[in-house]
Amino acid sequence: MPNQPDGTEIQSVLDDIAIRMAGEADRGEVASYIPELARVPLNRFGIAVAPLHGEPIIAGDAEMPFSIQSISKVFALVVALGHVGASLWRRVGREPSGDPFNSIVQLEFERGKPRNPFINPGAIVVSDVILEHQSDEADPHPVLDLCQRLADAPDITVDEDVFASEVATGDRNRALAYFMLAEGNIRGDATKVTERYFRQCSIEMSCRQLAAATRFLATGGEGADADIAGVTPERVRRLNALMMTCGCYDASGEVAFRIGLPCKSGVGGGLVAIVPGVGSIVAWSPGLDKKGNSVLALKAIEDLAHRLGWSVF
Amino acid sequence: MPNQPDGTEIQSVLDDIAIRMAGEADRGEVASYIPELARVPLNRFGIAVAPLHGEPIIAGDAEMPFSIQSISKVFALVVALGHVGASLWRRVGREPSGDPFNSIVQLEFERGKPRNPFINPGAIVVSDVILEHQSDEADPHPVLDLCQRLADAPDITVDEDVFASEVATGDRNRALAYFMLAEGNIRGDATKVTERYFRQCSIEMSCRQLAAATRFLATGGEGADADIAGVTPERVRRLNALMMTCGCYDASGEVAFRIGLPCKSGVGGGLVAIVPGVGSIVAWSPGLDKKGNSVLALKAIEDLAHRLGWSVF
Amino acid sequence: MPNQPDGTEIQSVLDDIAIRMAGEADRGEVASYIPELARVPLNRFGIAVAPLHGEPIIAGDAEMPFSIQSISKVFALVVALGHVGASLWRRVGREPSGDPFNSIVQLEFERGKPRNPFINPGAIVVSDVILEHQSDEADPHPVLDLCQRLADAPDITVDEDVFASEVATGDRNRALAYFMLAEGNIRGDATKVTERYFRQCSIEMSCRQLAAATRFLATGGEGADADIAGVTPERVRRLNALMMTCGCYDASGEVAFRIGLPCKSGVGGGLVAIVPGVGSIVAWSPGLDKKGNSVLALKAIEDLAHRLGWSVF
Amino acid sequence: MPNQPDGTEIQSVLDDIAIRMAGEADRGEVASYIPELARVPLNRFGIAVAPLHGEPIIAGDAEMPFSIQSISKVFALVVALGHVGASLWRRVGREPSGDPFNSIVQLEFERGKPRNPFINPGAIVVSDVILEHQSDEADPHPVLDLCQRLADAPDITVDEDVFASEVATGDRNRALAYFMLAEGNIRGDATKVTERYFRQCSIEMSCRQLAAATRFLATGGEGADADIAGVTPERVRRLNALMMTCGCYDASGEVAFRIGLPCKSGVGGGLVAIVPGVGSIVAWSPGLDKKGNSVLALKAIEDLAHRLGWSVF
C-alpha cells in the first residue's frame, strides 16, 4: 500500500535520482528504426511526479518534449472506450501477448483479434474504432485533443518529422492492418487507420505534461475533466490492470515484478507509472533495452518506488 | 487502495454471496482429466476471508477440504526461494506465457527455460530445486510442511488417491521434465522430480486453511513464522506481482482486469486473492471454465471485491 | 519409371475416367472466398493428356475454361527465372512450408523470406521480381503472354470478374506484401505487386490448353519455344522437384505418396501432373477438399497414373 | 528418366569422385551430441552403387562400417508396414514437417500425431508399433534382422557404445515419447520404446552393405527376399515418395531440387539415394552441414547423378 510522502521529500528524492542517472554509463541504445528518434541525444534524463493535487514535481530534463510513442495507446484507449464502452472488448482482448514475436502469429491463431490494446495490432483496432466515430471532418486529432485537455496544455503537438518517418517506415503496421481487414476486425480504410495510429504515436510531450495528463489514473477517475466520457472509476481501475499486465510489451511481468506499479512505456524512452491514490510518475531517457523499454526510466522509477515505499502490493 | 471493512460487514457479504452462489445454474464443469477430481460434487461452494489478524471469516463449504492443485505452486515457490534466493530466476522467467498451448512451444523456443513458475514446466523446475536441497531423506514433504505451518494445521495431508491419479496420468508433465532435462534445466531424476510435483498438487486444504496459509502475502511478510526463510517483504511484493501477471494461466490478464487483485487458481476449483494490507480471500467451487479457472470462485471474488471496494488499483 | 502407352489406350482410359467421375457423389466444395469462383457448377469434370508430340487427348469438360489460380505460379516462376536466374533463390526458399497456417508465422521467423515460390508470399516475391524487370509500360501481362505462347493459344485471357473479386478480397495477400516490404524482400509498390499477382491468378484456361502449356515440363525443356529464356533442362528438372515437394500446399507429401508425380494444384479446381519423358496431365473439377485441392482431379489423376503405370518412382 | 550406364562407366565416375572428395577442404562438422559419433575421423569418404543385378560398385572407404542413424527409419518403416499395413497412417502422417524446430510444436498442434515417419517422433511411433507386434521375447532386433537379410550380411551389428551413448543422451526423445503417450499415440512402455529406437539408430553398416540393403527400393520391390512382408511394388513407390518429400529433415526440398532422387540421410554421415529402375547409391562422410546432412555425401551424389544423368524428373 503506497505511502503518501510530502512534496519536499519527493523533490529531494527526484533531485538525487536525476544526479545519479546523469552519471550512469549503461544507458541502452536509442531506437534506430525511426531516423527522427535516433537523433535524440542519449544523455537526456527527466523525471516528474504529479501528486493528486497541485503542480507536478520535476527534476532533470522534465520540461523537454519527447515522442510519447506507445504511451499514446493509453489515451487512445480512453477515447475509444468513450465511444463504444465495453463492446470494444469484442474486438480486442485483455491478455498479455506472451512472446515478442507473436503479434502476427497470435493474430493468425486468433483470427485477427489482437491480444490486448497495448500491442500494435490492438492499438490499430482502437484507431479504427476512433476513426469510425470521429472522421477527419469531425475531429482529425481526437487523441491529441485529449492529451491537451488532460495536461491542460494546448501547445502539445504532433512532431511532423516523426510522423513522416512513421508513415515512411510503417509497412509492418500496414501488414497488421491489412491482416485484420482480411479477418473483418478493421472496418475503415487501412491507410487512414494506420495514419491515425502513426499520428498519435508522434505526439510530443514533456515529463511534466505527461505526468499531469496521466494523473487521472491515480485518482480513480475523480477530478478528470467532466467531458472525458471514457473516464469512470471502474474504467480507471481496469486501465491500471491492463498497464500492469500488458504495459511494457513482453517485459510486463518483469516490470510488475521489479516495480510493482501499473506502467506504460514507449520506444521514445518514456515510462509512466501509476501510484493509485498518490499520483503519477513519468521518467524519460531515450536509451532502450532489448525489449524496447528505457533503461534509465525503468531504473529511476524502480529506485523512486523503492525509496518512497510505492507499490500496490 | 483497498478499504478496511470490519468483520461483521465481511461476514454479512460472505453469507449473501454463499446464498447467491448456491442458486447459480451455470457452474462450469469439474476437471475430468483426473478421475479423483471428477468425483467432487458440482454443487459445492465455499468462501473464506483471513483478515490480517484474528480468525478467518467463512461461509458455505469453507471447512471442506479440496485439492489445491496449482495453488501449491505459490508455496513451492516460497520454499525454493528460501533455498536459492534470486538465483532461481536464472532457471525460471517472470513473464506471462501468453498462449494456452505454448508451454512446450515456448520451452522449445527458449531452450528449456519456463516462462514463469506458475505454469507446469516452471513448477517442475521449482520442484527440482527443492529436491536438490531437501532429499527424501532430509524431508520428503517440504511443501506440505510449509502449508501446515502457515495454516497452523498439522492435519493437512496429501490425498493419496489424487496423488496416485496424478502419477498415473502424468505423461505430459513427464514429457516436460525430460525436455528440460535434455536442455540441462532439470538436474535430478525426472521420475522423482515429477513425483514431488504431483505430491504437492495433491495437498488437500479447506478454504479456511488456505486463507490462513496465504495471509502472509497480505501482510508484507510480517507475522509469518520466523523460520520461513523465503518470506521477506520484498519477496512478498514480488510473489503478489507474479500472481497478478501469471496466476490464472492464460486468463491472468482477464482476472486482473475483472478483479484487480493478485490471484492464484487451481484446477481443483480453488482461487486465492490477496488484498494487500487487508487480508487474503479464498473461494472454492469445483466447476471450471474453459481456461481452467473456477466459474463460481471467480464470480464470488469479483463480487466480494466490488462490494467491499477491494482493488489494488 | 513411366510407361509409354499409345494414344488409343490413353483415350480409352480417359473416357472411362470421365464417365466414372460423372457418377461420383462426393465432389468436395467449390471455393467460396471468391464469389466468382463459387458460381462454377460443381458437376464439371474435364481431363487432358498432352503427350510429348501431337495433340492433347481429352475427355469430359476439357475445353471449358476455368480459373487456373495457383497453377499460374509455375508460369510466373519460369518468367522470373528467365529474368534473374538462380539469384531468385536468395529471396525465396525451396522447402515445403509444413503447416497450413504458417505462411505468415514462417515469414516472421524467417525474416520475410518465403519458404517456396508456390505459397502465396513466395509467389508475391516472384511477381515483384517480374514487375522489376517488366514494368506495366514494357509488358503488363508477361505471365499471360507465356501461357498463350506455351499453349499456342492467343485467345487465353484474364477473367476480369475474377480479377476484380481477387482485388476486392485480397487483404490477406496485401498483408503478406506489406510484411515482406517491411523486411526488404519486396521492392516495388505493394499495390502494384499484388495486382500483378491477382491478375496471373485470374487467367482462364481449359484442360486442353493447360496440358499443352505444361508439356515442356515433361520434355526436359526440349521443344519449348526458343525465346522462353527460363526453360533449360536443369531448370525443368528443378521445377518438377519443386512441384513434387511443394506443389499442393500442405498436402504435397500426401499427393506425392498417392500419385508419385510432380503436381501443381489451384483453388479453381485444376490439377497438373507431369510424367517426365511421357507428357503432362491436367484434370479439373471445381469441388475442393479441406486442403484446397480438387477432390475429383486428384482422384482422376491417381486412377490414371495407376492404370497406366505412371510414377517417377 | 534415369540413364542405364554400364558398370565400368560407373566405376570410373566413382573413382574420380572419391579422389576429388579426398581433396575437399570444406567437410562440415562431425555430429557432437553423441560422443561416440564425434570420434569418427573427418577425412573418411566412401561411396557405393548397387545396380539392380550383381555386386555393388564401390570407391573410397566403402567397406568401413558407420552408424546408420536415421537411415534405419526406412528399414523400421518396412517392418512396421509389414505388421500393420496402411493402418499405420492413422498414427503417423505423410507430410514434410516444415520447420527444424517443430517436431514438438507440431506434435502439440496435431495432438500427438507426428507429421511423418522420418522425423524422430514418427520413428518412435513406428518403434512402438513394432514392439507391439514383436516383443523382446519374440524378436529383440527386428530392424537389425531386416538389414542383415536385405544386405545378405549376417555380421551387421549394433554398435553397443553408440547405443549406450544414445540411451544416456536421449532425454529429448524420451520427452517426445512421453508426450505421445499422454496423447494416446504410444501404447507401450516409453523406456522400452525409446530403447528400441536407440538400438536401430546404432546399427553399423558400410556403404557397400547399405547399398545392397536399399536396392529393393530401385527394383519396384522385385527381387527382395520373399519373406519381407512389408515390400510390395506399391509400398516401394510410396517409400520413395516419402524419401523424396521427407527424407532429409528440413532440407528435403533442397535435396530434391539439387539431386532429383529420393534420398534418406543420417547424422552418422550416410546418405542413400534411389535411382528407380537403375539401382541404389550410398555415400558416406561424417562431416555434417547445419541441417544435419553430410556435406560430402550430398556433394558426391549430386555430382554422380549429374554426370550419369540420373534424376526422376
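Order of writing sets the labels: A, B, C and D. Residues in every chain begin at 1.
As a convention for this text, a residue touches a chain if its C-beta (ideal position, glycine included) is under 8 Å from a C-beta of that chain, and two chains touch if they have at least 3 such contacts.
Just so you know, these numbers come straight off a predicted model, no measurement behind them.
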{"item": "Joint neighbours of chain B and chain A, given as chain labels", "value": "none"}
{"item": "Both-way neighbours, i.e. chains that touch chain C and touch chain B", "value": "A, D"}
{"item": "From chain A, the most remote chain by mean C-alpha position", "value": "D"}
{"item": "Centroid spacing, where centroids are CA-atom means, of chain A and chain D in whole angstrom", "value": "55"}
{"item": "Chain centre separation (chain C, chain D; CA means) in Å", "value": "32"}
{"item": "Separation of chain B from chain D, taking each centre as the mean of its C-alpha atoms, in whole Å", "value": "48"}
{"item": "Residues within chain A bordering two or more other chains", "value": "109"}
{"item": "Pairwise chain contacts under the document criterion", "value": "A-B, A-C, B-D, C-D"}
{"item": "Of all residues in chain C, those that touch chain A in their complex", "value": "101, 104-105, 108-109, 171-172, 174-179, 181-182, 190"}
{"item": "Residues of chain C defined as touching chain D within the complex", "value": "1-2, 93-99, 102, 106, 109, 115-116, 236-238, 240-242, 244-246, 250-254, 256-257, 260, 262, 274, 276-277, 311-313"}
